[in-house]
Structures are given as structure tokens and as C-alpha cells.
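Heads up, the next two complexes both have chain A, just with different partners, chain B and then chain C.
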Partner chain A sequence: MRTDKTATADEVVAELADGMTIGIGGWGSRRKPMALVRAILRSPVRDLTVVSYGGPDVGLLVAAGKVRRVVFGFVTLDTIPYDPWFGRARQEGSIEVTEYDEGMFAAALSAAAQRLPFLPTRAGLGSDVLRVNPRLRTVRSPYADGEELVAVPAQRLDVAFVHLNRADPHGNAQYLGPDPYFDDLFCLAATRRFVSVEKVVDTATLTEEGPVQSLLLNRSTVDAVVESPHGAHFTTAVPDYGRDERFQRHYAECAKDPGRWPEFADRFLAGDEKAYQHEVTRFTEESR
Partner chain B sequence: MRNANEVGNVAEIVSLAEGVGRLVHDGDMVALEGFTHLIPHAAGQEIIRQRRRDLTLVRMTPDIVYDQLIGAGCARKLIFSWGGNPGVGSLHRFRDAVQNGHPVPLEIEEHSHAGMANRYVAGASGLPFAVLRGYSGTDLPRHTDTIKQITCPFTGEQLAAVPALNPDVSIIHAQRADRAGNVQIWGLVGVQKEAVLAARRSLVTVEEVVDELEPVPGQLVLPSWAVTCVAEVPHGAHPSYAQGYYERDNAYYEKWDSIGRKRDSFEDWLREKVFTMEGAK
Partner chain C sequence: MTATTDAELTYTSDEMMSIAAARALSNGQRCFVGIGLPSTAANVARRTHAPDLVLVYESGTLGSKPDRLPASIGDGILAETADAVISVPEVFNYWLQPGRIDVGFLGAAQLDKFGNINTTVIGDDYANPKVRLPGAGGAPEIAASCHEVYVVVRQSRRSFVDRVDFVTSVGHGSGKGDRERLGLRGAGPTLVITDLGILRPDPDTSELMLSQLHPGVEVEQVREATGWDLKVSPELSRTDAPTEAELSTLRALKEASK
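Entry: the complex of A and B
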């Protein structure tokens, strides 16, 4: 058994194959595994089905032509309502979509985590979610109430990518911010589970910064740990850092304008993670 | 479905006698939960003392707490998973009720632990039923007609369905509550949260009511608005244990075998340990 699970972003992304279904943790433009997403952008992989409470992770993957389908509860940049790349791809019909209510999305991951083929839920009843998802079915209660509920099919993931604040080399991982989001559920639903963190620390020091219950992932649900300082940039990784709002605005402005996008991609996405972080530092200094 | 509290209402702090008197009525479906840890024994004995009848008792692992209620004739039906005196043997009052109808006949509905936990989750979620991989290859579906099959509408696979549990009242024991009625519980937390959220009314007995709930690793907090009544009952889980307060009284569990084995010895116990305490707070 491998107990030191540390790896590089390029090593874990090399495990992807065309057509895979990948889950991306975080929530909107918060605690997204952006360094791992950037590694996917650099890789040759394509035709991905991306399962995400989406933010700029979805936008960047769509921009790079990596995506065949997006399964989502929403895609937003939080302080900017819509991700321009995702919006344009939907309007043009260049990607397939499975649009769920947020609760249904969680039910789909829960079903996969429990190795059930589906779970019943009340979410979605009486809404257009059923109309826009013709693949959804309903299921009738086998009891006297005879009630009809939405049946959400299990959303199994080939790979889950999540970003947390700390982990030990064995894959016990910790969030130090206010919200775990659904990162644990993404890992439970996936065959391979890759976590990037701000800092890899000794097991014994994990509880120095946060209480026991901040240990969101245990080593049995993690296959590799990637140390990636500022790896969530430009999304939040509080308390290590907040969202880089100026950079996000720049991303959104360039994403909105196909004429400006090559300039953004050339400057920030053409090199490796080190080159990205270097350009971000320069971008920040330019505003001073 | 639920009417535990109107919006904005908070838990009331009452005596154990008042809590049971107000919340537990003859004929109710009552769940006393606590999985090996924090079993609400004092509340169970208060139900006996107040001579409730025709209860449908619900519990994962009915152990001594339900042997006492069943032996005292409080129950008409038991919905459960695994019944016994843990580490000791049979529950003789439970056995006498099922086999001989003494002191009153007891109907039983037997499930698996996973089935019962899923039933509480469904009840707490406002769903009519839960789906699980379970019961297959066992005789339980032959004896328990509430276990149904459900077909996955995507794969055609046959899975088990169990109906939601929504007790009239759920009773649990916790370590602490604050004066506003927020409840704090830690250690093995079993299905206590689900049992309270699934119930129409709830009573939480606690080791102590404090000014402020100091955070504890692994804690679970039930907000005041999710609880109907809180009663301070130190040692209320005895002979089970309360992490941070006292250990399990293993000798009591062993001794219960001889107390519960015979009708006479049980009646003596009831008189000496339950009814002579009548009116006690």
C-alpha cells in the first residue's frame, strides 16, 4: 500500500483519458482546484463530461475545447453572475448539458457514493427541470401514499478533483474555511480522487490549525495529494486568501470578447503553473 | 407533516415528569434513541411511572430500556432492529411478551439497522420512503411486510424500500443544553439527530443545562427550534454511558438478566426502583 501519496498536478492529470467523467469540487468561484484545472488545459485530454457546482473551472475547460457535456446545478463567478465562456457555449449549443436543481445534483452524487443506481427526491417536482432533462424519470412510492417523486440517477465519477487548505502526505485533508461544500461527496462518488492543497503538513500538525471536524477527507478516499500554493487562484481559499476580484474581472472581460481572449490565454495559460503564478504576480503589481 | 415547533418557537426547559406528561400520550409512536451510548433510560422509566399504554415503541437495538417498558405493559407494538441485552443475552420481558402475551401482547416489526437508519433519514427529509441495498438474501422481507421492493427506473435493478418513520415523539439523551434549549451531543451520536428531526415532538434529557455550549470536537448541535422540550436529568443515561460524564455500568447489564428473567423479580424491581420514586423530579 502506498502511504506517501504526494504527486504533481501533471502526474495526476496524466491519468485522465478522453471521454472520462470528472467531478470538480468547490462551489461557484470558491475553493476550486484551479491548478489541477490548468493542468488539464495543458494536457491533450478531450471530450470530458464535467460535473460541477460550476465556476471558472467550467469556463476555462469549455474555452479550451475540453468539454463534451456539463452536469451542473449552476455555473457562476459569484461576484459576476455568469461565466461568459459557459454562457456562450450554451447559447451556441456547442456543449451538451444536464441542468439539475442543486439538491438533485447532491442526490445524484449521494446515490453514487452509496453505490445505489438512483435516489428519490422531492426537488425538481413541478419545475421545468424535468422538461429540460428528458432522461430523468419519476418513481412511485410503494406504500399507501403512492406519491410520485423524482428519481435522480447516480452520477458516478471516473475522477474527482478537489482543493483544500491542508493535507498530510497520506491524503488526510483539511478545510479551514467556513464551508466544506460537497468535496467529500465528490470523492465518495469517484473511482480516483485527487486533492490539491495549499500546504502539505505532518499528520500530527493537522489539528494545530483547525478542529477535528475540519478534517474533511480521510486517506481512504484520496489517491493523490498535490501541493499547490495558490492553487485555487483566482477563486477563494479562505483563510489562506480570498478571491482575486481584479483578476476575475479581467478573466470575465476577456472571456466576453473573443477578440481579447487569445491575449489572456497567451499570457496566463500558455505556460506551466509556475509561469501562471508569475504572470499573476506581475498582473497584481501592474495595478499598484 | 411535522409540527414540532411553530416557526420562531424554541425549546422549553421543563422537568422530566412534565416533559413526559406533556409530550407522550397513550397510543403514540415513541422512539427512544441512543446507540449503545446516551440511552435515555430515565425518560423510559418516567414513561412507566406515568403508566402510558398502547405505545408503538421504535428503536435501533431495543435493550434494557425497552425490556423495562415492555415488561411494564406500556407497549402494544415494537418496531426495531436487533433486540437483546448487549453482551449478556436475551431480553426476558420482551421474550415473555412476544411468546406469552404477558403482560400484554406485543406486535413486532423487525428491520435491519441500515433499514431503520434509512427510515429515520427519510422521515427527517420529508420523503415517504428510503431506498437501500439491504435485506436481500435474508428472511426479513418474509416476516416484515413494510419491507418492499422497488425497481430502479434507469437500470431495472430491484432494491429494497422502507417507509419513512415519523414518530409522534422522539426522546434522546444528550450531554448538554444551553438555557435557550440548544442541545449539544458528542461521541457516538447514532441516529439521534435524524430521530428528532423526523418526529412531530421531541424531548431531550441532558446531563446539565449550562450558560454556554463550549465547542467539543465531533459535536452535533440540535438547534433550539428543532426541539420541543429539554429536561435536565443528571445520570439520565445510566446504565448506559455519557461520554465526558460517566462510564457504562456493565454490572447493571449483567444483573438485569436475573431481574428481568422472572415476572416476580421484575415486578419487585418495578415497585422498588420505579414506582416508589413516584412524584420525584
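Entry: the complex of A and C
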């Protein structure tokens, strides 16, 4: 096992190939690995299947034409109910979708994490989710209860991208906010696992900042660590920072208006991560 | 919104709806709360007759006691004031699916006469709908497994339809006995609270029927705002008008949340 797993965003994204299935951690517009997503936008990769508790990660990848299919339970910006890019792509039918609810989605990831073919759940029985997704089957309990349940198929991932607050160079990674989201499941479900963090620290420092339980990922389930300050921008990475609501509104307004989008893309997405963060600082200063 | 005058008090039909929904919750219940109308009502209940109501939000906050309305389920105030914070997978695996929640409190974009909820698409062609809605979220689990489901929603012909275009969250399916047949353990929607009155399932057919009218509202008005031939319960009653305490609690909460 490599002991120093630090890498750059471009290096980990270079491992992607066209047509891969990628999982993106976080939840809605919260602790999304946005710097890694921005690296994907800069790469030539395409035809991705994106598995996500979707937020602006999905919107940006759709906007850049990287996506063939989205597997989702929702796509939201939290304070803005619906990501405009995802909304338009769905309305136009330009992407394929596998639409779950959150519980089925979690069952699909859990099954993959456990290397089981499926996991049973009660949710979805009698709903039209089963009608529009003929791939979904039910299964009957072999025990006395004989209960019929939805058999949610495992959602394996080629690659998982997640963003946490801290990690050491070996891949032990820590969240300092209130919610782990599903980031551990994304990593357990994936073949290759890449984590970006606000700060890389030495191993002893991790437990100075939080209890050992806050170490959500350990080096056995992480292949590369990318130090990426403000790497979740404009989503939250509390306690390091909250959501940049002004920037998110700007993103959503430009995403709604095809006439304004090129200006947004040119200003924020044409350069590398350093250029992005520089423009964000300027954008923030403009409002003062 | 129409303003109603009852004795000295003036209130809107939306305020009546929130207060009627708050009254439906009992002290000590564990209530799974959606953002928006359900969250408003649950927080009014906790400040009036149900101080020990346990509010559970989908982000994994158990027993939240916010001093204002949360802007979204990710609002930090929910975690900061909670008894405990658990992860979202735990919410689904250990709280919803095993039936540890008394009341699931939901909103709806579209609801039908059997209380089935649609938050997926408007239009009957899934591949080519008129409007795509944000999607299921956690509502299907809530509808499947909470002991009871209360729905709070403004009543109109657009939102109250004979059959929903897409069953996102199962209510009573196509009628009585469907939930048992499907193996859904909770009782499903037992109350639908609107700005006009309250609907409950007919014990014989599970079809929603009008069981309570808010002050100043007539049966015909509710029927006109319903997309099916709405039946009226033989025990139709009147909602008590909001009390001064209820109204001032609701308004203070709204004011604190601006």
C-alpha cells in the first residue's frame, strides 16, 4: 500500500475513462467535492453515469455535456429547490435517468458496499417508481412472513469522489461538521476512491481536532488525497465555511438563462482551480 | 387569501390551515417533519399544546427545538437544538423503515382521492411530462412506514385530483386493503389538512372524504376545489377558529423566521 497518497485533482481525474460510473458524495448543496468536479469539467472525459444525492455537482457536469445518465433521489441546491441545469436537461430529455427515492438510493449503495446483489426495502411497493423502471424487481421473504419487498440492485461505482474537512497523507479522513452524509458508503461501493479535503495534516493532528469517531474514512478505503482549500465551494463545508449563498444565487441565475451562462463559464470555469478561487474572491469583493 | 373575521380575530385561510395541522399533533409523539407547511405546524404545536413533541427532520436531527423556522432541512439550527444527530442512512434504516415514527407529516404537489402523493411528474407520460417536479426525496419511506401520515396542502382542483399522474408515495393505493396487500405497515394518510377543512379516509373504502370545515367555509366551496366527486362525512363538524394564543404563536414564529 502506498503510504503517501497525496495527489492533485487533475491527477486523480486523469484516471477516469469515458462511460465510467462515478459516485459523488455530499448531499444537495452540502460538502460536495466541487474542486474535483471542476477538474472533471476541464478533462476530456464524457458519457459518465453520475450517482449522487445531487446538488450543483450534477448541474455543472450536465452543463458541460459530461453526463449520459444520472442516478438520483433528488437534485437540489437546498435554498434553491431545483438545480436549473438538471431541470432543463430533464425537461428536454437530453440525459437518461434512474430515479429513486432517498431510501432506495441508500439501499443500492449499501448493497454495493456489502458486495451483495441487492438489498430489500419496503419503500416503493405500489408506487410508479417500479412501473417506470422495469429493471426493479421484487423479492419474497423465504421465511414464515412471506413478505414481498423491493429488491434494490447494488449500485457499484468505478470511482467515488468525496470531500471531507481533514485527512492525513495516508487517506485517513475526517469530517468536522454535523453530518457524514453517505460518503463512507460511496467509498465502500467504489473500486477507486478519491477524497479531497480542506487541509492535509499529520495523523496525530486528526484526533486533536475531533474524536476518533469523526474519522469517517480510513486508509484502507481511500486511494488518493487531494488537498483542496475551499474545495467544496460554493457548497457548505462546516465548520470550515458555510454555503456561499450569493455565489450560488449567481450560479442559479446564470444557469437559468442560456444567454448568461457563457459569461459564467468563461469567468469561473475556463481556468484551473487557482483561477476559480481567485475569481470567487473578486466576486465576493465586488459586493462589498 | 381570504380573510375571515371571527369575534375580534382576523386571520387568513393559510393561518387556519397551519393551526388546524398543529392541533392534530399530540404531545409526546415522534413526528417526522417536512420543510414548509408541516414544519410550521409542528413548531406551532410544540409552542402551544405539545411541548414534548419530538421533531425529527430528514437530515438526522432527532428532537430538534428550533427557535425559528428552519430555512431548509440543512439549516444548522436543527442540529444545534437537537437531542441527538444521526446520519441520514440511519434515519432511513433504523427510524423510518422499522416504524419508529408516530406521524409522518408531509406536503404534496398533487394528491388523489386515495391519498396517493405525486412529487415526480405532472402529465401522464413519464418520459415526456408537462412538468418535472424535484422528485421523491424521502417521502416514499415516510408514507410506507410511519404509523400514520398527515398531509398538509392547499386545496385546489389542480392539486386534488381523481388519480395522481405518478404515484411517488403510496397512500391507500386503489382503495381499502391495498396497503395490507402491498405489505406497507403504517396506516397511511389518516388526515389531510387544507386551507378549507380536513379530509379523512372513509373507513369502508379508504376514499378521502370531507370530515371538517374551517370557519366560514361551505361544503360547496370545498367540492369546487376538489378534482373528484368529494363525499361528505355524515359526522361533518366545524373547526374551532384559531385562539388568540395560537395566532400570536404562529405569527411570532413567522416573524422570527424572516
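Methods note: the second predicted complex is superposed on the first by the 288 of 288 C-alpha atoms of A that agree within 3 Å, B and C clash if a C-alpha of one lies under 4 Å from a C-alpha of the other, contacts with A are read in each partner's own complex, and residues count from 1 in each chain.
Convention: a residue touches a chain if its C-beta (ideal position, glycine included) is under 8 Å from a C-beta of that chain, and two chains touch if they have at least 3 such contacts.
Computed from a predicted structure; not experimentally measured.
In the superposition on chain A, contact is made by A:D128 with chain C only, not with chain B.
In the overlay built on the shared chain, the residue A:R137 is in contact with chain B alone; chain C does not reach it.
In the superposed model, A:S110 lies in contact with chain C only, and not with chain B. Judged by the touch definition given at the top, the superposed model places A:E99 against chain C, while chain B stays out of reach.
In the superposed model, A:E147 lies in contact with both chain B and chain C. Comparing chain B with chain C, the partner in contact with more residues of chain A is C. Once chain A of one complex is fitted onto chain A of the other, the partner contacts of A:F118 are limited to chain B, with no touch recorded for chain C.
When both complexes are overlaid on chain A, the residue A:Q213 reaches chain B alone and has no touch with chain C. Annotation: chain A residues 121-122, 147, 149 touch chain B in one complex and chain C in the other.
Remark: chain C residues 58-60, 71-72, 74, 76, 79, 85, 87-89, 92-93, 96-97, 120, 126-128, 132, 134-141, 144-145, 166-170, 173, 178-179, 182-185 touch chain A in the complex.
On the side of chain B, the complex with chain A involves touching residues 126-129, 131-133, 146, 148-150, 152-155, 157, 159, 161, 163, 215, 217-219.
Note for the complex: chain A touches chain B at residues 114-122, 137-139, 141-143, 145, 147, 149, 151, 153, 211-213. Only residues 27-30, 72-76, 78-79, 81-82, 87, 90-91, 93, 99-104, 106, 110, 121-129, 132, 147-149, 178-182, 185, 236, 238 of chain A touch chain C when the two sit together in their complex.
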